[in-house]
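Each structure below is given as structure tokens.
After this come two complexes, each holding subunit A, first together with subunit B and then together with subunit C.
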Partner chain A sequence: MSRYFRELSVVGALAVALIAMAVFAPAFFQPQPLLSLATREAPTLVVACGMALVIICRQIDISVGSMFSVVSVCTGILAARGWPLLLVLPIAAGLGAALGALNGALVAGLRLPSIVVTLATMVALRQGLNLVRQGEFVNMPDTVQWFGLPQATGQWVLVICALALLAALGLGLRHLAAGRFVYAVGTDAEAARLAGIRPQLVTFGVFVFIGALTGLAAMMNIVQSPQVQPLSGMGLELKVIAAVVVGGVAISGGRGNLWGAFAGLLLLACVAPALTHLRIEAYWEKAIQGAIILLAVVADGLRERRQA
Partner chain B sequence: MKSLLRTFLAAALTLSVASGAFAAAASSKLVVAFLPKSKGNAYFISCKAGAEKAAKELGVELLFDGPTDSNAAKQNEIVENWITLGVDVIAVAAENKEGISTALRKAQRAGIKVVTYDADAMPDARSFFVNQATPEGIGHALMDDAARLLNGEGDFAMIVATLTAANQREWQKHIEARLKEKYPKMKLVAVRPCDDLKDKAQSEATAMMSANPNLKLIMAICSPGVPGAAEAVKQAGKTGKVKVIGLGLPNENRRYVHEGVTDTVILWNTGDLGYLTIHAGVALAKGDLKPGAKSFKAGSLGSFAVQGDNILLGKPFAFNKGNIDQFNF
Partner chain C sequence: MTPPLLELRRLTKSFGGARALRGVDFDLKAGEVHALLGENGAGKSTLIKIVTGAHQPDGGTIMVGGELAEDLTPAAAQALGIACVYQQPALFPDLSVAENIALRLERGGVLRTVGWRARHGCARDLLQRIGAEIDPATEVRSLSMPEQQLVEIACALGSGARIVIMDEPTASLTHKEQHLLFTVVRELRKSGVGVIYISHRLEEIFALADRVTVLRDGESVGTHPVSSMNEAGLIRMMVGREVAQIYPPSESAPGEVVLALRDVGCAASGVRGVTLDVRAGEVVGLAGLVGAGRTELARVLFGLTPADSGEISLNGQRVTLRSPGEAVAQGIAYVPEDRRRHGVVLEMPIAHNMTMAVHGQLFRGAWLRFGAERSLTLDYIRDLAVKCSGPFAPGGSLSGGNQQKVSLARWLATKPKVLILDEPTQGVDVGAKSEIHKIVRRLAKEGLAVLLISSDLPEVIGMSDRIGVMRGGALTAVLPGGADAHAVMAAALGTTERGAA
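Let's look at the complex of A and B:
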């Protein structure tokens, strides 16, 4: 119980919020709008899983939003040219992994700080994309949306895919050796090295991994609507880092899990639609999200002081 | 590598200047230079189409050049080249209001007539600004169209880019003023920001519809908001029951307009903007258009009002099912 107190407190907060909505704005719980909103958050969840891994490994990747945009536009163009989606899917993951490998090589290979490396790739990818696309949308044929399936089926496919990925990664992180290596490197890279783990390889690995997940997420994004906005993914890095931190993943590495990150994402994602239902001015949205993040960080800080 | 690049750029620049000079020298025609914010942008390409039409009618030489991306420094460079070249008129859509003005003042001192269009420079750096739309014109066009679609009665909601952006505030002010003044039976029930993201606009519109079952129309006043809202309405199966209108570009909304999800997309006629700009520039160079003029006649488009040093393109243009396929930007 006490071991997962941090994660459970987020789940508790989410439960309180949902109960409050059930009392004050029951219209919030309508199946179709909720499914549409959940589908919109599905790609975010996939990227958040990758971000949790990176932060547990005591790194950070702020280039995910730009990677997401680049992969969305590239795969969108391929889909628009009539490439089969089954072929575009591995290309999306591969392109994401390649971009992640660039980050990973600079961070793990040259031992540069990840915040600086991914800041550079974030800006370079974003500006490069602006230069090439000038903000122009990619229009795709109707068959791309929902993989050509009926809307509700397509939405369920995406939501279930995201949840399945979460479950697989969450279990893998806990039970596979590779998953434990991430915690080991994030807790103490030197100790991990002495234990026979190669910290630089693990670090490289998590960057490739988040790249591939971001690529997949981009693919899950482009099949949701018939057009791709090159700006899509703008601010995604902040959204997923916030979700992960709120969910109890320690920014100092080595602690946290994906279930917490999932709860954190749900909590933050509920804020905007909840405010709309409660008819509270939109000015409050960012303020409330900020307060939630602050609360989480303060809670982590207090716990670390108690342990020290 | 860097020096190689520089050499290449310099060579390319010299070449472009030389070819321009050749064009200028080869005819005694007036030479009008037309500078977009960025030359690959479909919006400006559609402005150029109108500019070309005007140049042909007036028998003037049209030079079209601009940065490949929205780059204020590159705009200055191009203007400097045109000054060296000795063109007669420069028409500019300014990327940076202050930034471009120094170069434009220099052009004026060299006897070149300067007009701006789409985005203005400092008032002392040009003679006239061809103003494509006043905030009041846009606000009224949107509100009037919403009222037309709802027969002046019912709930509607708005999606804005951000709650604080100056242009959005300005448009919103005029929309609300028009609402209060003319449509007492209509009610604005929610205003939500989308951060200029289509995907967020979609989520916001989804939540607005479920929170307001009587919602009849969503008005998006930032361009990504219009297709975002339309996708939300379509996914909710409320096509026709919740109407969508907004400020945006035809290409981003074409499919939703054809599907009947989006009724009207409001902007200005970009071809007319280019056409009017060239007519104004040439009239200025020929002395037909002078400061203090109250109106201005531009070829086949007829007469336009002049307010101070702004030539007004007039009422915004409404793209709908009937005409949207005539525009590609």
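Let's look at the complex of A and C:
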């Protein structure tokens, strides 16, 4: 299947890495540290799904990190005041969707470039949060952490929720007409318009969607620790964009899928623990992740040049 | 005797299988305005691009000032004193006039020092020489289109151009601006520059040119002094040929009026007061020159640039078409021109391309059913004889004619009442062309109302039951199918001597 060659090559790289770990550092496969790793990355995965949609639609959203922080702090305060989590959950998604709608309205409505719009909202949200909260942490009651469940159970719940979301979104992107529209608009917005699709509406939609997903991810964040840090989402945007790009989603739009983005995220997330087990200095983490991203981009570039 | 400024001998050029130039001879003397005339696609642009070095000819020779110019590149052409003023000036809008002129004219390395005073002085001199009152410090963005053209001409002069090519310079000018431009052209001629002047407006050619060369199907039909020609003669030279290709005969008797336009206009796109009926089973051709408003009319009917005046009715019911979605819902389908850009999404599989406009109908509840998609695609692949490796081959893997069929299938799948085809056979090889003609005939026979936009004169005449001719955004004539090519051309050019033959 040459059609999914790009995705399969990421899965292959991941498999090679895991096999290497099995040979050289079998301690890597202890279940508890792996579960903790998966739990930490679960919110990232949810945001990465949204980012994949946005990039397939030939847009980008670099404000997700700031949105994540804002929603984390706001919902953290509500939860700390004793609001039931089942009520806080839709509020988190709704707040995220509203912030996403702001981005979407500016990009789709006023046809501004998304990189500039989301840069502005990224800075504004981050600074606004700092101004209001002065860097203060939100202390969470025990009933909120891990939903009040035992830690391991709570971790499993989060990981399974993230995977279920991935599966639902992955299927939807492939099997819903709306998913097809995202690809069509990302490949050629004018052609999509001539085919009766409304590109601006689709673009607005993906921004609302990534906002809502970021809200959910923030919710998955606040149940993980006894305190919510206002800086919790710092650098999240770079992490998810990297995962999505490594996973074969073309930054020029119209190509890629969520399974690839998932594989890309796993590959990048495994670097740090793998280094620990191989007793390599942690300073290498960013360098290796950077090399992986570079490799993916170069591979995409070569592939496109061959096709042209 | 001095050699001519420019002499082209037996120039040939092909693009893929299409022969754009088949041995063209042309010469330009110093101090003359030589008009170049021809239908759309006659080879004018190709000729110009070869002279400016943008394209390399396949065969033939180019002599500039009596010397053979081989392997002409844009830079070499410039050095030989060849300059081109395009219809849409290619200036940098955010730089000043002086900076734009300097970018073209100043030589030197990247680290040279810039003498701003000299730069402005030079720009002012050049602008004065052509009688333009433009301050060199003005930003180009704030200049009008003709003023920008004057800047282009100043650049040409400044580069010491002896040969100035003007490609439809008056297309977007008002009458007054046109006069200013004519004065400049006459000044150029007086100073010994040779001007190649391309225009569709015959009256301009009579007003300005000394000689005229007519191109037809990539060949030069003849060069004559303008004083010895009249409009009828020029049109005869442009059209010249008989309808050589065989078109499938019209088999359908037109039925009820499906699409009725009453005084339809759209100020934004320049469509003015179009009144036209299209009946079921009828193919109505739309002829006209590039920019006559045919595509613009199609875009109005498809809701891309909604009409702001007049009435559009479908099957007797008045409709408003404000978006493509509404147009599709009303049963209008539009196969756009330039399919490589917007007709077929080249990266997407054929199946996705074909179902792109019918998601609502094919997939109830928005859940894609790949089985239904596949069978619909296979049906159309068989029905329209699309040559492909399978329903999931990418659109870009198909030939032009087969891409056009995929684009057509997308719209047939919407089960339209009105099918608008915009240049359906442009860049398509002869075999696929006649296949598309047969499909169009068959669709009309099945009761579709077809609006066929084509710049291919024999095609419009051969395929249409009636021919609407557009000029300047208005429908200027409706002629019967099989009408005389001269009559169509005369209506498209807007001459008074209609029916020249």
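Simple rule for what comes next: the second predicted complex is superposed on the first by the 308 of 308 C-alpha atoms of A that agree within 3 Å, B and C clash if a C-alpha of one lies under 4 Å from a C-alpha of the other, contacts with A are read in each partner's own complex, and residues count from 1 in each chain.
Going forward, a contact is a pair of C-beta atoms (placed from the backbone, for glycine too) under 8 Å apart; a residue touches a chain by one contact, two chains touch by 3 or more.
In this text the structure is predicted, and so the values were computed from the model without any measurement.
Student: Between subunit B and subunit C, whom does A:30 touch in the aligned arrangement: first, second, both, or neither?
Tutor: In the superposition, A:30 contacts subunit B only.
Student: I'd like to know which partner A:255 touches here: subunit B for first, subunit C for second, both or neither.
Tutor: A:255 contacts subunit C only, not subunit B.
Student: Of subunit B and subunit C, which one contacts the greater number of residues in subunit A?
Tutor: Touching more of subunit A: B.
Student: Report for A:134: first if it touches subunit B alone, second if subunit C alone, otherwise both or neither.
Tutor: After superposing on A, A:134 lies in contact with subunit B but is clear of subunit C.
Student: Name the contact category of A:184: first (subunit B only), second (subunit C only), both, or neither.
Tutor: In the superposition, A:184 contacts subunit C only.
Student: Given the touch rule stated above, what does A:279 touch, subunit B (first), subunit C (second), both, or neither?
Tutor: first
Student: Between subunit B and subunit C, whom does A:143 touch in the aligned arrangement: first, second, both, or neither?
Tutor: Neither subunit B nor subunit C is touched by A:143.
Student: Identify the partner contact of A:153: answer first if only subunit B is touched, second if only subunit C is, both if each is, neither if none is.
Tutor: Touch status of A:153: no partner.
Student: Which of the residues in subunit C come into contact with subunit A in the complex?
Tutor: 302, 304, 323-325, 327-328, 334, 336, 341-345, 347-348, 352, 356-357, 359-360, 363, 366-368, 410
Student: Mind pulling up the subunit A residues that touch subunit B in the complex?
Tutor: Of all residues in subunit A, those touching subunit B are 25, 27-28, 30, 32-33, 36-37, 40, 130-131, 134-137, 139, 151, 221, 225-227, 229, 231-232, 234-235, 272-273, 276-277, 279, 282-283, 285.
Student: Along subunit B, where are the residues that touch subunit A in the complex?
Tutor: Spelled out, the residues of subunit B in touch with subunit A are 38, 40-42, 68-70, 163, 190-193, 195-199, 202-204, 206-211, 213, 224, 227, 231-232, 235-237, 251-252, 254-255.
Student: Which subunit A residues qualify as touching subunit C in the complex?
Tutor: Per the stated touch rule, the residues are 174-181, 183-184, 187-188, 190-198, 254-255.
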